[in-house]
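Below is one structure, written out as structure tokens, with a few remarks after it.
To keep things simple, chains are lettered A, B and C as they appear, and every chain counts its residues starting from 1.
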Amino acid sequence: MHIQVENVVKDYKINSKEQGLKGSVKGLFTREKKIVRAVDNISFSIEEGECVGFIGENGAGKTTTIKMLSGLIYPSQGSIEVFNYKPADRKKEFKKQISLVMGNKSQLWWDLSAFESFDLQRVLYDIPKADFKKRLDRLAETLNVTALIEKPVRSLSLGERMKMELIVSLLYNPRVLILDEPTIGLDLNSQKNIRKFLREFNQENKTTVIMTSHYLEDIETVCDRLLFIQKGKLIHDGTKDEIIERFSQDARIYVRYKNNIAITDLPKGVTSIKPKDEGFELHINKEEYNNVIRTLLNLGDIDKLDIGGMSLEHVVEKIYGGE
Amino acid sequence: MIKSIKKYLTIYYMFVRSCLMKEMERRGNFILMSITTSFLNLYFLFYYLVLAERLDNNFLGWGKNELLFFLGTEILCHSAFMATCFYNVFTLPDHVRTGSFDFLLIKPVNTRFLLSTRNFNFSTFSQVLFGIALTSYSYWKLGFKFSLPKLLLFIILILNSVMIMYLIGFTLMCLAFYFTRISSYGSVLPYRGFFAIYWFARRPENIFSSQVIQILTYVCPVLLIVNLPCKWMIRTTSPITIIWAFIFSIIFFLLSQVLWKKGLQKYESASS
Amino acid sequence: MQISKYLSIIKVSMQDNLEYRFNFFTTFIFMIAPLAVHICLWSTVYGVGVSEANLSNYSYQMMITYTILGHCLDKFTGDVNLQLRVSSEIRDGVISKYLLLPVSYFNTNVSYLITNRMVYFVTLIIPYLLVIFCFRSQFMFNSDPMYFLIFTIAIPAAIFISFMVNHLIALATFWLKDVSSLYVFTQSTFSFLAGGYFTLDLLPTWAFNLLMHTPFPYILYFPAAIYMKKLDPGQIKYYGMIACIWIVVLLILNSIVWKCGVKRYSADGM
């Protein structure tokens, strides 16, 4: 196995104090300690070259999990192995093979050009000069930022900066690229570019990509596999279709009639209906497929009929809602 | 081994170069900082001049020029520290707070080295010139002749002093790991602690009683910082004290390394 | 109604200040260091033997009293965080809300000042009383109620003058980009001119007279000198008047600079 995580648990001790002025004074002398379980018995494994996405609410434990994968924090219980290294040992050889990109934090020198940061990376990671130049040119060209490398980082837009972050992380050809909310705060175009780049880079170089994001489009476009973490537990590990299949008993039907007929009596099995684009979108219970379709056909002449599964967004919303 | 040293030297050179480029970009601020820090030294200069005058040129056995030499030595130590270490030693809480500490941890290079050398401040470096001027002038006025070996040891002692100051600051900063809440006072605390300790080094040691001098030279050896190099040049020192100064730095460095490693473990177990 | 607004600011900032547990317990040690060094200095100097005439007729008692009082007043009247806070509030645009709220920025800062000083008083008074107790034989205990009364009046004036001067400098953020170097300069300059490094009586007479016409000595030297009865009633009246004039001038300056600054702020949309 390329990456193996077994029964990992992460507990945090936090100080709690009472509210208000009285609580603050009390807090000078004693503080209660509470134990919070951020990650609760998670196990999974990842093969080389896979693209895996972590989704879950804020505070579910995604960032904690990937920080444990990169060796920044160590698990309270359980074991993690990333290509035969224990990340928590933080050996130099291990560090040279992984890369971490964080969406809202930058590792570039703010006042200088991005090139200075790249050059520093070259020295830090012992990248041979020829390889460095080749990779830099290639990455800059693919991401369309060749002209911007010499400009100071503070003058770049957020999207351009994120591209530079990606370059600085990939210059030394890591085997694993870990991204924590890479597209946060970016405009639509930049988001699309980054997704496309990650997908293509993974396919070309077989670099394992592990990503967390709140934008489901990131996960849908880039990742083949989803790990859904809720309240510290791993509640699903599989493809997008599997998760939809597993968590949703509903199907989605869009129907539009030629004569603008309104649906007044809802057939049995319809969980919700709403108008959409001069027609209606119905969510129906999959078991009542036949019944509903027959009823719809009988109502009038159909102009358009669309049947499909639920969207990932809907499923995720449902799970957050309290499944 | 050699390759490793070369690599670390290259990294240090790149940091210094980047800081120089960064400061040159903001020329106005650079000039302003250089001027304002000179004024700080001027106030201390007035202080010593007034004292010397009021006390008939006899401040506990130190004449005016000796006081000036002392001030010059203090400026050299202080400004060398500010230029090389100050902006690194107290930045740990900020790194932890903003999350950039993770980036330092994840590089395949010694994290302590990266943290301690990242910033080099050129505007305070200009104070070194002031210190050199003041020490040279007062040394000449005192009638001493130039001696190269003496000067070399003086420089080495000052470098040692900077190392001791770095270690004091670094050790205090490691305490930041133990305050799990890196509040804004968590970042001010090591800084204040450092200056509280440094205050005991900033005045000629004669102001203390002889027992206190012994304590402050051998037990909590702050007097090794400014007083030792100064006395080496214009008074007498015992070779034992000089050797102790170097031994102390080594011991202190090893202790700080232990503290650092322990602090890192705490960070890893309780991050975010 | 206005008062309740400021009272709630007071309540929140007290909580804020009490939060920092370690700061509370360690402030004592860190504050005492420069004081200890200077007491050692003067003790040894007087111990060896000096002619007091040279030191402007400062007896050992007076010097020690001035040193302790000077340190105490320096910490008490100067809010280190004020400039940084105002600076960052201007830079980050936080003051925009004050342009919209029915609360003036200056008055809010004054409320914050009052609460801040009250908490400081509570945390500082014990360590300094301890120090005074240790030096009770050298410290001058003022027996003259009149002088002591004027001393207690001079202290809020000192706090207020220090506040206004620092506030005024902080408003420079409206025009300058990087003010941190300015603060380092101004803080040490004001400390020096106020008598923080040594008692102003040690300066040559012309320098002393010149300095007393600036606002700075009223932050530190003036209250301490009153306490030690170094000034006669005539001098106190004269200098007191200068202090009052400066308070008015600083208030006006603050108001003008604020208005200009806000104009520039709104125009540039910082």
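The rule is short, and it goes like this: a contact is a pair of C-beta atoms (placed from the backbone, for glycine too) under 8 Å apart; a residue touches a chain by one contact, two chains touch by 3 or more.
In this text the structure is predicted, and so the values were computed from the model without any measurement.
Colleague: Which chain is the middle one, judged by CA centres?
Modeller: Nearest to the common C-alpha centre lies chain B.
Colleague: So which chain is the furthest away from chain B, centre to centre on CA atoms?
Modeller: Of all the other chains, the one whose centre lies farthest from chain B is A.
Colleague: Where the centres are mean C-alpha positions, what is the separation of chain B from chain C, in Å?
Modeller: Going by mean C-alpha positions, chain B sits 29 Å from chain C.
Colleague: Using mean C-alpha positions as chain centres, tell me how far chain A is from chain B in Å, no decimals.
Modeller: 46
Colleague: So, what's the distance in Å between the C-alpha centres of chain C and chain A?
Modeller: Measuring from centre to centre gives 53 Å for this pair.
Colleague: So which stretches of chain B touch two or more other chains?
Modeller: Residues 26 of chain B touch two or more partner chains.
Colleague: Would you mind listing the residues of chain C that make contact with two or more other chains?
Modeller: Answer for chain C, listing residues that touch two or more other chains: 19.
Colleague: Mind pulling up the chain A residues that touch chain B in the complex?
Modeller: The touching residues are 12-13, 15, 63-64, 67, 70-74, 76, 88, 90, 92-93, 95-96, 98, 100, 102, 104-105, 107, 109, 111-112, 116, 119-120, 123-126, 152.
Colleague: Where on chain C does chain B make contact in their complex?
Modeller: 19-20, 22-23, 26, 29-34, 36-37, 40-41, 44-45, 48, 50-51, 54-55, 177-178, 181-182, 184-185, 188-189, 192, 197-198, 202-203
Colleague: Quick one: which bits of chain B touch chain A in the complex? Just the residue numbers, please.
Modeller: Residues 7, 10-11, 14, 18, 21-22, 25-26, 98-100, 102-103, 105-109, 180-181, 267-272.
Colleague: For chain B, which residues are in contact with chain C within the complex?
Modeller: 26, 29, 32-33, 36-37, 39-40, 43-44, 46-47, 50-51, 54-56, 59-60, 123, 179, 183, 185-186, 188-189, 192-193, 195-197, 199-200, 202-203, 206-209, 212
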